[in-house]
Structure formats: C-alpha cells, structure tokens
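Each of the two complexes below includes subunit A, the first together with subunit B, the second together with subunit C.
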Partner chain A sequence: MSLISVYGSFIRNAFLKMLAYRARYYTGIATYLFFVAVYYFIWQAIFAGKPEGYRISGYTLPEMLTYVSVGWIARSFYFSNIDDEMDDLVRSGQISVYLLRPVNFQAMMIFQAVGEALFRITFFSLPVGAVILLCFPINPPPSSADFLLFALSTALGFLTMASINFLVGLLAFYFKSVDGIMRAKYNLINLFSGLLLPLSFLPDWLRVAMEVLPFKSIAYVPLNFYLGKVPPEQIGSVLAGEFAWAFGLLAAGMILWTRAASRLTLQGG
Partner chain B sequence: MIYNLQIFGAYFAQFLKTRMSYRTDFFVSLVANILVGATGLLFVVFLMDGKNITELNGWSRAEVLFIYGYAMISMAIFSSVAINLYGFGNRYIIQGQFDRVLLRPLNSLAQVLFESFNLDSIGSLLVGLATMLYAARILGISIGMLDVGWLFVSSISGAVILISVFVVLSSVSFHFEDRIGIAPPFYNLISFGRYPITIFNRVIQFILSWVIPFAFVAFYPATHFFNRTGFELLCYLTPLVALVSVVVAWVFWQFGVSKYESTGN
Partner chain C sequence: MALVEVQNLRKSFRTFKRSEGILGSFKDLFSRQYSTLNAVDGISFKVEEGELLGYLGPNGAGKSTSIKMLTGILKPTDGEITVMGYHPFRDRRAYTAHIGVVFGQRTQLWWDIAVLESLKLLAKIYRVSDSEFKSRLELLTETLGLKDLLHTPVRKLSLGQRIRCDLAGSLIYGPKILFLDEPTIGLDAVGKDAVRAFLRKINRDLKATIIMTTHDLKEIEELCQRILIIDKGRIIYDGSLERVRTLPGLKRRIYLDFAGSAPESKLNEIFGTRVAFERESERRLAGSYDPRELSTPELVKEVFANFDVADFTVSEPELEEVIMKIYREGAGAL
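And now, the complex of A and B:
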C-alpha cells in the first residue's frame, strides 16, 4: 500500500507540473496539426491518379490517411521525455538527491512518465484528436475489439518507448552532451516505429530486421490493430512479442542503471 | 563593420575552443546529425522506391530528392546559428541573460545569433549536398559555374529566410513571458518546404509563398535546375524575399527590444 502511495505521488506531481504550462498546449496542438498535414498531402500526392481502392504495400488511401492521423494522435499520448530529464538531472547534479532516496530510480522515472501520459490523454490527445478529426478524414476501426487491441498495444508501445528513453538517458552518464543522440533517436524511432510510413514500405532486408526489433510496438503494430489488419490467429503472438520486448528492455535498463550510477562523477561540490 | 566582423570572429574562435575540448562528444554529435539527416531522407527513399511509386503528383523521384537535398543545405546553414533562438524566451528573457547582451556595445540580434554555433549541422549539409548531386546525375543536370553561384546565393537566402522567420517568432518572447514560446510548431512547418509545393492545397501554397515563405527555402530556387516552366519569376525572387524577410525580422526585433523589461532579482 505504501509503495503504491509513494509511486502514486510521482504520478500526481507530474500531473500538476503539466497543468502549469498552458501555452504548450496551443502550440502543441498546432505542432501535431502540421505533422499530420504534411503527411496527409504527401500521401494524397502518392495516390494521385490511382484508381479508388488501389493498394500500395497493402494500404488503400483512406487506410493510409487514417493510419497517419491516428498514428500522430497516439503519439501525443505515448511519447515521454525520460531521456531529456535524466540528462538534466546528471547535468545539474540533482541526480545525487535521487540516488539518496529509497526508491527505484527507473520505476520513479517511468511512473512519472505514466502520470504525464495519463494527463495528456485527457487534456492533450483528446483536443489534438478533435482538431485532427475536424481537418482530416479518419475512419473508425472495423470493430470495438480492434480498438481495444489498439489501446492495449499502444499501452505496450508506451512502455517500450519509455524503456528505450531510459536507456538513452543512461548515456548522459557517459557523454558530455546527448542532445545530438536524442535528436537522432527521435528521428530513427519516428521512421522505424512505422509512424511515418508502414514498415511494409521498407526494402525486404530492413523490413525483416524491423519485424524482429522492438520499435514496431510503438506505432506499426498498434495502428495495424486499429485498421483490423492483424489476422486473428496472430493476435496472441504479436501481443506476446510486444510484452516480451517491453519487459526485456525494462530489465536491461535496470541492469545498466546500476552500472551507470556506479561510475557517476558529479561536477563541483 | 570590420571591427564587428573581428569580434564575431573571436566569438566563433571561442566557441570552437570549447566545442573541441570534448572531441569524442563532437564526433558523436556529428554522427548523430548525419543520422538525423539520413532518416528524413530515408522516408522519401522508402516512400518512392522507384518501382511501385515513381512520382509525387507529377514530380519524379529524382526531382523530389533534389528539392529535399536542397532544403537540407539551407536548413543546415540555418540550424548552425538558429540554435540560439531555440529556447530564446527561456534563456534570454526568463533567466535574464538578455541584460548581459544589452550591456555590450554591439548589435543585440547579432550577439544572440552568433553566441554559439551548431557545428554538427555540417553533417546534414553534406548529406544534403550528396543527395542533390546524386539526383542531379539521374536528372542529367549539368552544373556550371553560374549554377554553383546560384546554389550558393539561394541556399544562403533560404537560410536567411528561415532565420528571419524565427527571429520574428522569438521576438514575441519580449512581449509574453513563456518558457517555450510560440516557435515550436513552426519548426514542423519547415518540413513543408522540403517538398514540391504543388502537392499542397492552394491556401497552404499561398501561405508558404507569401506569409511564411518556406517555399523559397528550397522549392522555388531548386526549379532553376529543372527543365520546367512556370516558376521562373518566383525562383529568381528568392534573394529579394530573403531581403524583405530580414527587414521585417529587424523591425520586429527592434520593437521587441524596446519593450524589454528585465526580470530583475
């Protein structure tokens, strides 16, 4: 019980912190609108002159437009800044305070991210979704079961993303500046998670590699659940794969954290 | 003028010394920057594989890649100084660093822009240049001395347009104190400038040409190299658009500075 209240308070604090930055919402919503808009027009142009119902790498134009819109709305929920925050903590030396606390650092960071994500789902993803829905065509999922699978898969995608961010954050212990690395990670994940385009568009050798790696849990898998494109007999194994990667990456973060923390040298003091 | 150049030369030398004191980090950032450039490019390469999808609403794969590479060059020049505008409201206004800028007998905007540099963007500049040359070979474009001159003038103009737009957006921070400011969505708007403008609807085309002129960053100037008609006038307007942007940015900046109130202690 006390453990729940300890980590529960991290969720609550993150929630309150987010309330303090209101201007971020308006600019944030505009940001997502521009993201979707550019890809909306690109896909329109790709399909220009093709007959109705024409499929490219397995997707029709309406499916593709839904894929892009839902993909970015989901992203407004699942992203996290764990790496950036860890970098700040190491840079400012505040990390030492956290090392003294009798809590698991990784769990604390991830629960904070959960708090922020829960906040965003109501106060950010919903308005972002409403604005995008007003501007661009989004088809509903074929059935409510597909939507539930999408939601579950996105939750696992969140955990995968958070674990990856934690691992990237650990690099702050080894490098003077990780800004470049974080930018590269951001772009690589947008591409290889399938957010920018479905992984079926990749050349075969790369697609096979991405089928194995965890990034597809973040966008490609959830979005295919949304579109009802995962054959029923594969649902179990696909979800099991997502689970395995999410918790595997968490475990890796835990092991590497003890290593990184032990070689920490703080500036000044 | 000469004096100012000497001073900003010294700024750059100073920056270089601090940056080079951590060589591995510089190298890691450079590789990361090349990756950033390459992933954006890979999206286009995967999208238009040249087999199933060969064109984007009438623009060939090579043309799209050419424009994309062009945009990367202007944007790399832009981001080598724009790093100071990023988070301007937070660092200069809220944390009060602008006081220090005002105390020095030098132009305040130049001080902010040249305070530090993002050398890593050399990575994406090279990726952009390589992409452009690759696309030019497919398109059979022969590049003469005059073309190199145009590439030079127009990519600098493109960078100047980008910098001007973000100076205008940053100067809003003088009036409304906010950590993040209103600039972030406009970083995403830049990506509209990487594609042939005709794929967007008329309203967006108009905005990208005459309100937030990102179409002049790469698309219009790149048409100089294509065997197409219809864009000649706009193409060669690029340096003029850059000039007008600078004037507008300067007016906004001066107005903002005149309203600046230190956060004090």
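And now, the complex of A and C:
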C-alpha cells in the first residue's frame, strides 16, 4: 500500500510540474494539428483518382486517414523523454540527488513519465483529439471492444517506449554525449513504430524484422486494434507479444542500471 | 562500533589524455591514452554518534568525492565504508532512508513546485507518517523561518532561502546522520549565521551526527569539535581544532600601542629577524614572531625595558593562517 503511495506521489508531482509549464503546451497543440494536416493531404494525394474502397498495403483511404490522425493523438500520450532527462541529470550532476532517495530509480523515472502522460492525456490528447475530430473525418472504432484493445495496447506501447528510453538514457553513463543517439532513436522510432506509415508498407525483409522487434507495440499494433484489423484469433498472441517485450525491456533496464550506476563518475561539485 | 567507519577508501577516475593539435585529435580517434587519477587515495577514519565533524581541504582535494562515496552515490574503487552497519553503495536504497544530505550547490527539492509539495513528496518517499510529518514540519518551519516560503516554487527562492528549505528537506524524515557538502557556499553573513545556528542546535539538542565540508573557517571554528583535513586524496590531519593551533612554526602576533609615534626602526634594530614588524597606524605596530624562538614574556620584557608603551595585546594564530599553512606545506607542516 505504502509502495503505491510512494510511486503514486511521483505521478502526482510530475503532473504538478507539467501544470507549472502548461503554456508550453498550447504551442504544441498547433504543431500536432500541423503534422496531422500534412499527412492528411499526403495520403489524399496518394489515393487521388483511385476508386472508392481501393486499398494500398491493406488500407483504404478513410482507414489511412484515421490511422494517421489517431496515431498522432495517441503519440501525445505515449511520448516520453526519460532518455533526455537522464542525460541532463548525468551531465549536470543532479543525478546525485536522485541517487540519494531510497527508491528504485527506474521505477521513479517511469512513474514520473506516467504523471506526464496523464497530464498530456487531459490537457493535450483530448483537446487535440477534439479539434482533429472536428477538422478531419475520423472513423470511430468498429466496436467498443476494439477501442478497449486499442487503449490496452497503447498503454503497453507507453511502457515499451518508456523502457526503451530508459535504456537509451543509461548510455549517458557511458558516453559524454548521447545527443546523436537520441536523435537517431527519435527518427527510427517514428518509422519503426509505424507512426509515419503502417509497417505493411515496408519492404518485406524490414517488415519481417519489425514483426519481431518491439517497436510496433508503440503505434502500429494499437492502431490496428483501433481499426479492427487484428484477426480475432491473433488478438491473444499479439497482446502477449506486447506484454513480453514491455516487461522484457523493463527487466533489461533494471539489470543494466546497476552496472551503469557503478560506472558513474562525478568529479568535483 | 562507531557510527561511521572508513577503511582504506579509494576512488580512482580514469581520465582521457587529449593529444594536441588536429593531428593529435585524429590519433585520439584510434588510440586513446588514459591516465588514472586517485581522487581519494586510501583514507581511514571513524565518526562517533553525536559528533560534528568538519571536513576540510583545498579545492580538488577529494572532499566531495569522499562525501559522494559516504552517501552511496559513487562506488568506491577500493576499501570499506560502513555507516550504521550499511555499505552505502551496495545497500543504497535501504541506507539512504537513514541519512540526510545537503549539497550547497544543488537542490534536492523539485525545482518547479512549491516547497511544501516537495516536502510532502519527500515525506511520502521516506514513508513518514502524517502526524510525524506535521510535528517535524512545525519544528523546522519555526527553527528555519520557512513560514513565508512554503508556498513558493523552489526556482523563485534566493540562495539563502533555498538552502534553508533544503535543510528542512533533508531533515523532514528524521535521519540519524547528516552530510553537508559546502552548505553555506555563496551565502551572505546573515544566511551563514542562520544555517550555523541551526546546525549547532540540531547537533546539541537532537544529538544529530553531522559531517560537513566547508571552506569557511569561521564556520569550522564555531561548529566543529574535530576536523579532518584532506589533501591530494589523503588525510593529513585528524584531530581537535585546539591541537591544530599549536602547530610548530606558527607565528603569534603582538600589537603595540605607543604614546607617541611608533619607533619602528628602533624596534627592528633590537629584534632583527626575530620579530617582523608592520605598521598598523601612526601609533600602532603589529609584530609576528615564532614563540619557540622568542618567548612572549621575553619579548614583552625587552619592549618595556626600551620603550614607553601605552598598551599591548598578544593574539593566538588565526585558524585561517593555520589552515593555509597546512594547505601550502601539506603533511610536512604537522
């Protein structure tokens, strides 16, 4: 019980912290609308002149437009910058303060990310979603079960993303600068998660690799749940795969953390 | 068993030697040369419960590195630390629940939220019961004068205010031992006084064990019964403040006031190199001398025999002078 209240307080604090900077988010809303509009028009251009019901790599135009819009709305929730924060902590030496607390560092970072995600879902995902819904035609999920699967899958996607970010953040203990790695990760994840386009568009060899790797949990899998495109007999195994990757990456982070912490060198100050 | 036991503690950092010039930079891409720096080089000491220990040394001597090992932040390269039976690095999560730490140069409170929220969060992290939190908060608010600061975000506090809030943060969960790394750095005289008074009070009234590093010697003089001086990673002095003042080779000062103009040249003639005189004002001279070479009574007798002196005072060497000498001359001074 008290464990819940300890880590629950990290969620609360992160929420309060975000609240202190809420103005920053109003500009963010515009950026997201812009992204959705760009992809909206790109897909319309690609499908232009095609008969209704025409499919590219398994997606019709309305499905594709829904995929893109919901994809960006979901992104505002699962996004986290644990890696960036860890890099800052190590570089500024503020990591000392975090190490002085009798808590699990990885759990603390992830719960803080949960607090930020909860902030964004209320002050960002919902308003952005409402505006996008008004501006662009988005199909609702075929059934409420599909929506629940989408929500569960997005939650697992959040955990996967957070665990990956934690692992990337650990690199800050080894290298002087992880800026380049973080930027590469950002772009690769946008592509491999299926945010930019569904993974079925990728060449076969890459698609097969992405089927195995964890990145699809972040966008591709949840969005296909939303569109009701996951065959019922596969739902169990797809979710099991997401669970396995999320907790596997979490465990890897926990193990590597102990090693990284003993490498820490903070000279002076 | 002592509260803190340190045995042969070492921490070495591997540093990368950069070669000069563009050619050198290319060479570094393929083969790097490393050198090892022993920031802490085999130190041993013990601290008993209730002690207030001052940890001194010039910049880069290894003070902060030692504190970081004592608090479990850094893993020692070698040697043994036990604090209250814990190994700080290995048992970090269990251990840190019992210690309070304040770094003068950084805050442990959350930058963007109100001080009170930070304190509440700390109470949660350290599993402090509501009633305990309330009574401690009341005590700390009063002794540290936090009443008007509790609802301000940390980023809006002045340095002095922030340090006081940080002290509250490190004590809100009732730690048995307090580590302070330059807690008064950058504070003005009033701020320093407030922090010192507070530390004295918790050491005396609550029997808190305190280990602090500082560059402020007045602070050491006012607070610490025992000091530890570290230089180049080694302990060069461990003992009372009193003993350090009786170091051989330390000069004493005599101040002489004359009825008329001070006879500087005549004094120099009589004492030669035994006393170095400086003019403080028209009628006042200060002379420094080594008491082993020339005893104070002898000096006074000779002065009175030759001059018409209105008044005189003799002063002990200043702590600052003592420490400077130790820093300058290393262990050889002791």
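One rule holds in what follows: the second predicted complex is superposed on the first by the 268 of 269 C-alpha atoms of A that agree within 3 Å, B and C clash if a C-alpha of one lies under 4 Å from a C-alpha of the other, contacts with A are read in each partner's own complex, and residues count from 1 in each chain.
Operating definition for what follows: a residue touches a chain if its C-beta (ideal position, glycine included) is under 8 Å from a C-beta of that chain, and two chains touch if they have at least 3 such contacts.
It should be emphasised that the depicted structure is a prediction, and the values quoted were computed from it without experimental measurement.
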Partner chain in contact with A:Leu197 - subunit B first, subunit C second, else both or neither: first
Which superposed partner A:Gln94 touches (first subunit B, second subunit C, both, neither): second
Of subunit C and subunit B, partner touching more subunit A residues: B
First, second, both or neither for A:Ile42, with subunit B first and subunit C second: first
Touched partner set for A:Arg259, first subunit B, second subunit C, both or neither: neither
Touched partner set for A:Pro102, first subunit B, second subunit C, both or neither: second
Subunit B and subunit C footprints on subunit A, overlapping residues: 21
Of subunit C, residues touching subunit A in the complex: 13, 39, 60, 64-65, 68, 71-75, 89, 92-97, 99, 101, 103, 105-108, 110, 112-113, 117, 120-121, 124-127, 153
Subunit C contact footprint on subunit A (complex, rising order): 2, 5-6, 9-10, 12-13, 16-17, 20-21, 93-94, 96-97, 99-104, 261-262, 264-269
For the subunit A and subunit B complex, residues of the former touching the latter: 21, 23-24, 27-28, 30-31, 33-35, 37-38, 41-42, 44-46, 48, 56-57, 175-177, 179-181, 183-184, 187-188, 190-191, 196-197, 201-203
Interface residues, subunit B side, partner subunit A - complex: 22, 24-25, 28-33, 35-36, 39-40, 42-43, 46-49, 52-53, 56-58, 120, 176, 178-185, 188-189, 191-192, 195, 199-201, 204
